[in-house]
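Worksheet: the structure to be examined is printed underneath.
A, B and C label the chains in the order they appear, each numbered from 1.
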């Protein structure tokens, strides 16, 4: 694996999941794999789970992780080619990335979308510029439109819970929120479930809240949440902002919040969420504190997903 | 020791002090005790000494310490049960703490009081919620009303300096300051000296600047600083804000600042302060730069106190 | 080497460069030199390259590096003797530094100038106070008027590129910028090239943009950039603010920006810059992306310079 920024970087999803579950069973089974190697964790935006789970995963592999919060610890970066840098950005990624590529063996980047301009965000300029100029493997810690470490964790968590011979029914449902959020987690989960191909996959959201078709293709999409939930084995709850009139909050109908009553329509579905979750806005206390919620397990699994990906990327590091 | 948030978590104060002094004599004597263990240092508020001394202590025990500044690196947490999270908090401690409990073996938390509402602060909701939901040992790096790592250091430093057979006289004196500060250090020092029980303990402060009775019980309390200082062996200087009309600055009488002239009333008392100290407001240059000050030694001892506590908490970590 | 805050701390520049190049050839050749030793990296101002390269250098020597951002993670420091601290500073360096000196084996400090008061900045009060009170070796990560780790890297990079018997011609040229910047890099480069003594050294800048004479003595200084560039082997490009009417931007003439056309006057000069660089303001894309630029190599060499200096400072650490 050269980089890890989307499911397209993965040849064998089930193999990668198995690798992650092996690490869960024995975290230190490869404790020398990263000896003498360094990963730079570069945050253009805040992070808790992703940062901590990746630090833990790196340590389990014997790697040294160095965290750098761009803009807080250091500089504001420029990403546009040929920019005349007389404004607020103090360094171009063309200059910063090669140096980071010399200091580190793997570069991990978090960079959120602006939610101002869809074409810009979906071009994934920031993470692509890091890949272009760093010269070492690049790991996405969530980019403008995708969150692959989360999605690998999600597939892994589903596999841990579903042992029947048939295909599980997985529902991704939009939920209300008070802030305009990225589409990354929804896009990425869709891309991974579709690429995995071993589930019946339904996406439900209000009008105007589409995800990007390049990622959802293969899923059934409906505006009828009740219909979507029927017989679901897994319900993935997540808010995202509008797609066409980009990055806004239109409808914020509380009726879209999942409740125990709605869960009755499902096949005792396990409830998932990537966290952080706004309690009693996105998801009710009764669900989160109930027996169906697997959100803590899901977030805890982030370590093993990161460890599996890092152990693959390590194979492409220098000498 | 299951958690360390107050002296009540300690069975044998002198034993813990001895353990700390053993580490001071030989910092690496237990350098494998924490091998493969991780401590998360979660700061809801700033810290220098506490953060650095705990990092050093953890490293001396072979543990890996990961620092996370909540709200700066990441998210603003919600602590109220059943909150409808449509405001500024983005994650509930109920969701964050169990995951931190899975990523780490010990969780260390710093959380200051609001100084807005006494009942809220004294309920210690924040640190108690972490204990309730983390599922692993919790270490206070200073909470709303107590600062036990500081107090253990203080008792240790007193024991290093006092070798006579008789009971030392220890005076805790309020000092002026320009900002409304928590009562933690005063409360906690009082709680520890009283629990230790091997000193004559006098607290002196202006009217309205009480500490909480649950912690001061056992001490003599007077508003007459001159009287209190008489024959003192140790004078602990510290500002805190008002108690009844909570969290304010009333009197800020500079006459309460300790001077060399006042020290003459004491028995060549050693002068202590937890630092940071506002020079020439809380304590004069002449005292801090004089022979009686032991504040540097006291702050340096923070490492050994933290190391002793961590080595006890390690005994209650998983697998 | 007791401290490293200017070239005056170095007895043998070429010896130190050789040491650095040895580490470049074999980064882990001394991987136990710093075992059990700790370096505190204290940032009063932001940093990327300096912070990361020093962390990597420390790790290569087996040292533990702990980063602390003063004012962000912790406290605002007071540096004036006898200050009455009733304002915004919460701790005096007299109190903080000795404790840091007890927690760490080496203390590394970054502290920028105010650019408000030349005498204050050039007194180097901040870093001198750390040296005075820390009691352990102090390493400058860039101070108010000098940046010695950068300059050592610069000499090293020049030596890597120049293998002829004759003396190279080195030109330091001022460049336009949109912000008032410190004079550190220019001062320090001048001080080091002059102390090294193995080059013909020319400094060129507009009127009013002098550097400090104590550092430039020995160099030729001219306001005619074209004349300065003639036959240059190395052109070091850097902005700094005015000297006499201190810390301002007067002329910001874009004609001072280096171009390929200007490079034709040189002897195929290598172009250097300490980074970060404002593209198309300080230096054009055509230069930075062209064959003559060695800025990435230069920045990458920061690791080896830091490693050489740390290995020298380690010899003066306690026990």
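FYI, a residue touches a chain if its C-beta (ideal position, glycine included) is under 8 Å from a C-beta of that chain, and two chains touch if they have at least 3 such contacts.
If you want to know which protein each chain is, UniProt gives these names: A, B, C = N-succinylornithine carbamoyltransferase.
Bear in mind that the values here come from a model prediction, so they are computed numbers and not experimental data.
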Worksheet entry | Same-residue or different-residue interface between chain A and chain C, half as cut-off | different
Response to the item:
Given that chain B and chain C share one sequence, their CA atoms superpose after a rotation (degrees, nearest 5) of 120
Worksheet, complete the sentence: Note: chain C sits from chain A at a C-alpha centroid distance in Å of 39
Worksheet entry | Multi-partner residues of chain C (each touching 2 or more other chains) | 72
Discussion item. Which residues of chain C touch chain B once you look at their complex with the stated criterion?
Written reply: 36, 38, 40, 64, 66, 68, 70, 72-75, 78, 82-87, 90-92, 94-96, 98-100, 102-103
Practice prompt. Within their complex, state which residues of chain A touch chain B.
Written response: 28, 43, 46-49, 51-53, 55-56, 59, 69, 72, 178, 275-281, 285, 288-289, 295-296, 299-300, 303
